[in-house]
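Both of the next two complexes hold chain A, though its partner changes from chain B to chain C.
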Partner chain A sequence: MMKKIQQILDECKELAFDLNFTRSRKWLEENPKGVVVGYMPIFFPREIVHAAGGLPVGIFGGGDRKQIVKGDAYYQSYICHIPRSIIELALDKHLDHMSGFIFPSICDVIRNLSGIFRQHKVGKFVKYMDFPQNFLPEIGGRFYQQEMEHVLSYMEEINGIKVTPESLNKSIGLYNKNRELIDYIYKIRQDYPWRLSIADVYHVVRAGTVIPVEEHNEILEQVCHYISGEVGEPQDKIKVVISGAFCEQPAIGLIRAIEEAGCYVVDDDYMLGSRMILGDIDNTSENPLEAISNAYIKQSQYSSSIYDVNDPKEYRLAKIVKDRGADGVIFASASFCDPSLLDAPIFQNAFNKMGIRYISFQYSENINQFKVIKEQVGTFSDSIKLWEGEPA
Partner chain B sequence: MSNSIYTMGIDVGGSYVKGVILLYDSENGSHKIVDKQTEKIRKRNPKDVVVEMVNTLLDRNKLSYEKDIKYLASTGEGEMVERKTGHFYSMTTHAKGGIFFAPEATTVVDMGGLYVRAIKVDHKGKVMDYKMTGQCASGSGQFIENISRYLGLAIEEVGEISLNADNPEVPSGICAVLAETDVINLVSKGLSTPNIVKGINLSIAQRVVKLLGALNAQSPIVLVGGMGMNVGMIQAIEELSQENKKSNYEFISHPDAIYSGAVGAAIWGGFRYFKLKQKQAAVVA
Partner chain C sequence: MEAQKEKSMILQKEMISSLFNELAKAKETGKKVCYTFIPGNLSELIRTFDMLPVYPEINALQSAMRKKSASYIKEAERNAHSEDVCTYVKCDVGMMMKGNIGPTGEKIPEPDILLLSYTGCFTFMKWFETLKRSYPNAEVIMIHTPYQENAKMTPEMTEYMVRQLKLEVIPKMEKVTGIKYDEAKLKRHLELAKEAEDWIARIFETTKHRPSPIDAYFAGVYYIGPINIGFRGTQQAIDYYKELYNEIQERIRLGLGPITPEGEMKEEKYRLVVEGPPNWTSFREFWKIFYDMGAVIVASSYTKVGGVYDLGWRHDPERPLESLAEYCMNCYTNLNIPQRIDLLSKCITEFEADGYVTNSIKSCNSFSAGQLGMMREIEDRLEIPVGFIESDLVDPRYFSYSNIKNRLESFFQMLEQRKRIESNASV
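Showing the complex of A and B:
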């Protein structure tokens, strides 16, 4: 029987910010031989952990729900907030049921964080996972496959499960479905953003990072069914795309504040990892690792952690703006987030030439005061709604 | 398509909810306020206050929300207005409301419950520049309200009573907590209530005149927001302004100044209604 939508949304909200990772602990009780693997932002191919009898769990920091006491001792004041709260979570035993930790290559801060986890001997394995910056399948692709093989060997050492092409293809199929359903939500919201608020979308997508993919797909099916019908009342708001918030997550109050200030968010990179691969990964291949690798090389979303000179990210973001029918872009960067802040001038320079309107601001995951940001976003919205086409 | 439509503007502030029904005229801009209402929030849920106000205004004018109101615009804490068509930022609405009350004004000073904001505007009500007070409550209407309560005055009496002052003493203008302590000391010293209230008005007026200087404001200046109806405050601002030739501004006040946000929202709502209709027509064509 289908659950009521409000109940589903409430459950997702609970799951999304459950710093004790209760569902994964329960999963471990139900699957004593299972291996829970925590991964940090931005992106990790969860399919491989799933195929190896594991549960991949996203670790996105403590947000505004965890007071930092010990974490500050590990990082200088000019470093972003997320590594502090992740250390705090680890030292306070929030992650003690996880056997392994994946640190995807985003920036030096995350690299150092993997070293701190190693020093503290948190979990049975710690993997700093390098992603290729060479986009030739025979070079960068081969390298990426080897990185994934490392993870699988760590998993095999723990539970003895050897991944077969069949098991990996099955996992790829489940995650293909997952991406397709999330994509459907964004497609519907592109034209009917009032049917589900961006805060609800965020809860639904983030919940999927801490529960088994099979359960998340069921949730997504019901949400998709709900938003396929005429629900909610449209309001007179501009449409915006959010860019830059892919690693340290803004407080949910900030995500909500942007829509309250007069904008519909029709695309974003908040939970970029869950939407990183565009379209399906081939799940019929005899070499599924190669299929995953090819998908990363050829079908990745633009990202601050990818430097592909042949496919400039500013044009890719501009295409998203156009395809979504957005009126402008909001660059939201975590304070001291080098990848995001270094990309911003590239985007802004290109957008000035292309005539795409934008504003930018910085946030921190633990900041819960949004008055200034609301004023900025409200002014941006009004300037488009009231003065569009007027001489400056 | 008729050139005149009914719109509503609801301004949810820190202390009060203000609402208007406006007859918006797209032809020549001669909009008319049909009805208006102010409601103190007290300890109620602002959402309930808004619902009650909208219903009261509609019932009183025998209008239907669905059939007659073409755009319900919120401003201020817009998330408290559930049935809104759209939301406008409070600076945008106060600027427009100020120009509605005083079309000749080039500067709008919004003196609300939480802060004071000086806004440079063009003849269409477009915000060109602004300056506002910081976080401290000592320059706010809420501070005046607190003081009036300590002195046993109704908020409506505060303006009039300060006109009787003959020897005001100005308390601290930097911090509301210090200023409140100052007021207690002034009461202990036996200073008369008019002189205390006038001193407070002068303290806030100093901030307003400083803001205008920082903005390089030009006259005429229209005073809006809740404190814009306080005759004692207007007198204090004018006095301070005249003391200095550099800042000898010409001020305009209006009896409906508290409704500037709601009126501005209702006008922009009407503007958006016709703009969206035009866009739809263009798509169909």
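Showing the complex of A and C:
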């Protein structure tokens, strides 16, 4: 029997911020040969862990729910907040059921955090995963496949499972489904954003990072079904795209506040990793690792972690704005987040020329006072509404 | 360094000004200009194609030493650059906005090639994304250096880099310069590079002496100049390092300590190892705090950003492209945190340092993220006093003289106490 939608949304909310990662602990009890692998933002090809009998679990920091006691002794005040909350989680044993940790190459903070994990011997393996910055399949693609094989060899050492093309293709299929369903939610919301609040979308997508993909797909099916029908009442709000919040996450109160202040968020990069690959990955290949790597090289969303000279990010974001029918962009960056802040002038200079309206602000995961931001967003929304109807 | 000019200093000055003169004449001579970075610099390959290198970091630090960085940074911040990001980038962008006038007062030519050697620092990538938009006609070349995450350079990592060199970097260089790749020429440069590396390793080893004849941080940043800014792989660099080495030997023979801007350091009281780049905007005041206290730096991580030669690694002419790859992977900021800790611990032990100081740079995550954990580990492992100060590379707003001085004074008191206890114990 289908659960009531509110119950599903409540469960997702609970899962999304469960810093004890209860679901994955339970999964481990149910699957004693299973391997729980934690991964940091932004992106990681979860398919490979799934195929190797593992459960990939997203670690997105402690948010506003974890008091930092030890973490500050590891990170200077001018470094973003997320590494200190992750180290706090590790030292406080929130991650002690995880066998391995993946640190994707997003920035030097995450990179060096992998070293701190190594130094403290957290988990059975720690892998800083270098995504290729060379986008030729025969060079970067090959390297990426070797990186994935490296992860798989760590897993095999633990549970003895050798991944077969069949198992990997099956996992790819499940994640294809997952991305397709998430994509559907965003597609519906671009025209009917009132059917499901952005905070609910956030909970639903983030919950998917800490539970088995099969379960998440079921949840998504039900959510998609729910929003396919007429629900909710449209309100007089502008539509915006959020950009820059891909790693350290804003507090949920801030995510909610943006919408409450008059901006329907019709696209965002909060949970970029879950949506990084655009479209399906080929799940019929005899070499599925190659298929995963080709998809990364050819079908990735733009991202601060990918060298963009062949495909400038400002045009890609501008296209998202246009396709979603958005009125403007909100650049939201975690304080001291180099990748996001270093991209900001590139976007803003381009948008000034293109006439795309934007505002920007910074946040920190542990701060849930955002009166000023709310006012700023409200003014942005009001001013866009005022401009409506003016000659372009 | 004006106080006492030794021959090596004059040689270095000549080398640097010859490079800038050549750059100023690049249009007339038709030489192609290649912007690139110091960590993972492919000097020998750049020379093989007769190109002239420009290092944006060097421009930034020179601007800081000439007190120009503040206005450049302000200019960049007026144009949407955040207060909180790497100030090298902002200084460079600001300099570009104000006409790209280099340290010699002449305009730095525009790049024909933007060679991003993506080694050890994420910001490099963002920096070149910005430059690409300013120089749309430049050829963009990227060489991605995998991080030594597992404290190893694996054959796969080397192969990845060699393939990039063969299939992308070299063909693009050929296209822009119109010069065919000449491996024999590259090998000759690598042979010379190897020799220069031997010399620089020998030079930094001289700090084992007591008193140490050199300061491996404040003077060390001058010593690494030639090897870092495009002269590695030339006879000139070897001549310079030989000369420098001889001068140092002479100092050892005479029992002299390091030269400071105010002359010879009289008494060596404390031997230190420093982690992190220096501050450039108040470089001399910063240095003075140390030499006034009789503190000499016997090793520093910063002098290893352009290559780690202490552990015996050298360019190898017999494996030209492989050794270019290994060189890049082996730069200091491309080492993982446990490797960095081991390297610094080795320096502390071998050079018999009394203390360890971290200069944490506000805007440089590549260095700073993880430094506190490193410091604690070193303190525990070696039971050595540690000091921690904060400043910035080229943003004068973040150099607080009194703060730094206070902190260092407490650190020196700690060292003094320790010395007293140790000498009492030995009595």
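Rule of thumb we're sticking to: the second predicted complex is superposed on the first by the 387 of 392 C-alpha atoms of A that agree within 3 Å, B and C clash if a C-alpha of one lies under 4 Å from a C-alpha of the other, contacts with A are read in each partner's own complex, and residues count from 1 in each chain.
In this text, a residue touches a chain if its C-beta (ideal position, glycine included) is under 8 Å from a C-beta of that chain, and two chains touch if they have at least 3 such contacts.
Bear in mind that the values here come from a model prediction, so they are computed numbers and not experimental data.
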Per the contact definition in the header, classify A:Leu341: touching chain B only (first), chain C only (second), both, or neither.
second
Scan A:Arg142 for contacts with chain B and chain C and give back first, second, both or neither.
second
Looking at the overlay, does A:Glu375 come into contact with chain B only (first), chain C only (second), both, or neither?
first
In the overlay, answer first, second, both or neither for which of chain B and chain C A:Trp387 touches.
first
As a test of reading the superposition: which chain, chain B or chain C, is in touch with more residues of chain A?
C
Could you list which residues of chain A make contact with chain B in one structure and with chain C in the other?
none
Would you pull the chain A residues touching chain B in the complex into a rising list?
233, 235-237, 260-262, 375, 378-379, 381-382, 385-387, 390
If you look only at chain B, which of its residues touch chain A in the complex?
71, 78-79, 83-92, 126-127, 268, 271-272, 276
Show me the residue ranges of chain A that touch chain C in the complex, using the header's touch definition.
73-76, 78-79, 83, 103, 105-109, 111-116, 118-119, 127-128, 130, 132-134, 136, 138-140, 142-143, 146, 304, 307-309, 312, 333, 335-336, 338-339, 341-346, 348-349
Would you tell me which residues of chain C are touching chain A in their complex?
76, 79-82, 84-86, 89, 116, 118, 121-123, 125-130, 132-133, 140, 142, 144, 146-147, 149-150, 156-157, 160, 163-164, 167-168, 336-338, 340-341, 360, 362-363, 365-366, 368-373, 376-377, 390
